[in-house]
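One chain, chain A, appears in both complexes that follow, with chain B as partner in the first and chain C in the second.
On to the complex of A and B.
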């Protein structure tokens, strides 16, 4: 599998409410991330907007429906549509989540958690290899946020991710908020995660906010990035100097100017930028 | 327990109306599994509320949420895209509200307008560039987003009022048979309520018959000349409305 070069920069997700901003003025981002499924359509305005945005910005594709953890394997029709979109969008890379979305033809449209077992590792590796062969490129796999743990698990999530990268040559999209959310929900130290994850495989970083629901944190992507996540991000960036970092906001989406302001905070929290400015 | 067995058990618990965590979940299983149990329904509910915003407003929260619950139970999502969830919602409403046919008709219109928004692109034919046409053999090709449904109510007027933020008219039966016709003009989904005769002409033209045969089929009980004028005028309207992509005299240019 080919080597995927790093892309160092700061970006935002391309959301419908901001289409006109992108069409009418220069937006100071180094790349935009699209939700693949929102553009895996036959035609109409979203694709027209994507074409225009692609003329000005680098694009990365981020999916929610590949279902890499599905015991039943991947959907070739889905992959064919994804590949067709990639030929149009010419992304830096394609990513999806370490999760499964359904079984036996049912799709929950949620990112469901996996038990970290040897069998699950074999399944996910086989699915990643199939996707990479089909798409003719390495993919990025994102660490999920999760709310349950399984009695069957025999390894940690970061051990699972390391094995995935070693066996398949895939890369990682590291979601710092997801590490924090899962650490609180499952009671592990996020430093252990960062120490154990194969950070040399990280090509992209997600930053997001979450909600508090009793003792659980919920990965809702509807708030600003909170202080503990910024602190964790700084720790991560000391270890990963080059990566594509972005704010991921999917709900309660503010005006684009607010997100650009939050992206400036991300720049300021990136140690390399701060040292350069000093 | 194999992975597939675990995933089947997880999904069964997810779809169960009662929130019961599978035994293999560790810790405070009910609360933690409840996050997924709730999120599954909330995500589907939000998708239907977004795609059927006007139907929701027309029905009100209580009746709409009841319809959502029935739909989730009857038509669990199977497509890779959430955008497909709702493709049978109008049919469910037809069954739930047989005495209020405007409900299902309004939902059908909303759904098809959303589908048209992301439907395949097609450049419309321009009347001024058509040149000489042998109309007897001419066949019409329509935009791929074109959809038709017979209607018995003023669902179109209700949709328009709700879209404009106005108080919608009361539901009422149309005085004569009619249909809704949905398509996309450039990037904008459009619709018209058409009478039964235009509906018949459009359905017949969509089947691929020639203009000459279309006129013959539509002329039953009328003077041929009168029908040609009428259908010619109708086709001119379809052209002006950007519903037609091509007019060709070559039958073999339209495979299938």
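On to the complex of A and C.
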């Protein structure tokens, strides 16, 4: 698989409520992330907005439906639509999650957890290879938030991700909030994750907020990025100087100006930027 | 392939079944930790999935939701989730069967027009996401069809989506979609029409029975002469010239084919 160059910058997700902002003024972001499925349509306003945004910004495509954990393989129709969208959006890269989304005719459209076994590793590697061959490019795989763990697992998530990168040549989208959420939910130390993950494969970083529900943290993307996630982000950025970092907000979406303000906080929490300012 | 290749799928099936089940699971074989903790984790997935599908329906059916209220809508969405296992790989199509579901949904019986309002919302959404195409100007259509108007066939815009109801469902839809509060005077007749998106915005046209029937015939690739006859059959007091001028005023024709062309 080809090498994927780093892209260094700060970005935001393109959300419907902000379409007018992007059409009417210059937005100070280095790149924009689209949820691929929201643009896998024949025509209409979202695609027109995408075309206009693409004139001014780099774009990355982020999907939620590839289902890399599917034992039955990937859906070629889905991949064909994804590839057609990529021809239009000309993204820096395409990403999806380390998860499965459906079984027995049920499509949950949720990011469901995998057991980290050798068998699952074989399945996911085969799926990633299939996707990369089909799309003719390496993909980025994102670490999920999870709320259950499997007794069958024989390796950690970060070991699983390392094996995926080594075997398939894929890259990583590291979601710092997801590391924090899963660490609290499953009782591991997030610094073990960061020490063990193949950080040289990270091309993109997600930042987001979460909710607290009893003992569990839930990855809801409906809050500001909280302090422990910023601290973890700083640790990560000391090891990954070049990456595309962004705030993910999918619910309770504030005005674009608020998110741009939060993106400034991300810039301030990036050690390289702080040192340059000092 | 490893000898126990079905191993993972069994785990998937168990978690999938626990998410789909009406009642929350007390424990789940194969997951790590004490059973209360596992149940809490599974409950997160159950809630996430239900909340996401509810959100898809709320986005797709704003007028339907306003008509019944947020709480009833949530209840209907919950019952729909259990009645029709979500299977579409495209989440945006999840609500396609919702109008038919409402048709047979006993608690909604007192609002007989509700399924038609929901159908109008599906039609609007289909028009909104349809392919782009350039509509022809009236003069262009006339010029191209003039060789043999009766036998001319029209290609319609890919965003054309028809709606019809024996209730004034379109008026009810607009009133609720625009979140209006003023007094709504409803006609006592049914309503029919078409959505077209010739440019960025979806336009909605309410039509009399004659042009509506004529347009449906054109959409079915019938020639113009037959379409006008169908229009007259649907509304005997209509004048053919009026039907034709109404058809030509819509930005809906993107191609004209005559036997010679």
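Here is the rule we go by: the second predicted complex is superposed on the first by the 277 of 278 C-alpha atoms of A that agree within 3 Å, B and C clash if a C-alpha of one lies under 4 Å from a C-alpha of the other, contacts with A are read in each partner's own complex, and residues count from 1 in each chain.
Convention: a contact is a pair of C-beta atoms (placed from the backbone, for glycine too) under 8 Å apart; a residue touches a chain by one contact, two chains touch by 3 or more.
These numbers come from a predicted model, not from an experiment.
The superposed arrangement places chain B and chain C in clashing positions on chain A. Looking at the shared chain after the overlay, A:150 reaches both chain B and chain C. In the superposed pair of complexes, A:55 makes contact with neither chain B nor chain C. Of the two partner chains placed by superposition, chain B and chain C are both touched by A:109. Of the two partner chains placed by the overlay, only chain C lies in contact with A:118; chain B stays clear of it.
Put simply, chain A uses residues 37, 40-46, 48, 65, 71-72, 75, 77-78, 100, 102-110, 112, 115, 117, 119-120, 123, 147-152, 185, 213-216, 218 to touch chain B in one complex and chain C in the other.
The residues of chain B lying in touch with chain A in their complex are 1-4, 6-8, 10-11, 14-15, 21, 24-29, 31-33, 35-36, 39-40, 43-44, 47, 76-83, 85, 116-121, 144, 184, 187. If you check the complex, the residues on chain A that touch chain C are 37-38, 40-46, 48, 65, 69, 71-72, 75, 77-78, 100, 102-110, 112-115, 117-120, 122-123, 146-153, 185, 213-216, 218.
Put simply, chain C touches chain A in their complex at residues 1-2, 4-9, 11-13, 15-17, 19-20, 28, 30-33, 37-38, 40-42, 44-45, 48-49, 52-53, 85-92, 94, 128-132, 158-159, 197, 200-201.
If you check the complex, the residues on chain A that touch chain B are 37, 40-48, 65, 70-72, 75, 77-78, 100, 102-110, 112, 115, 117, 119-120, 123, 147-152, 185, 213-216, 218.
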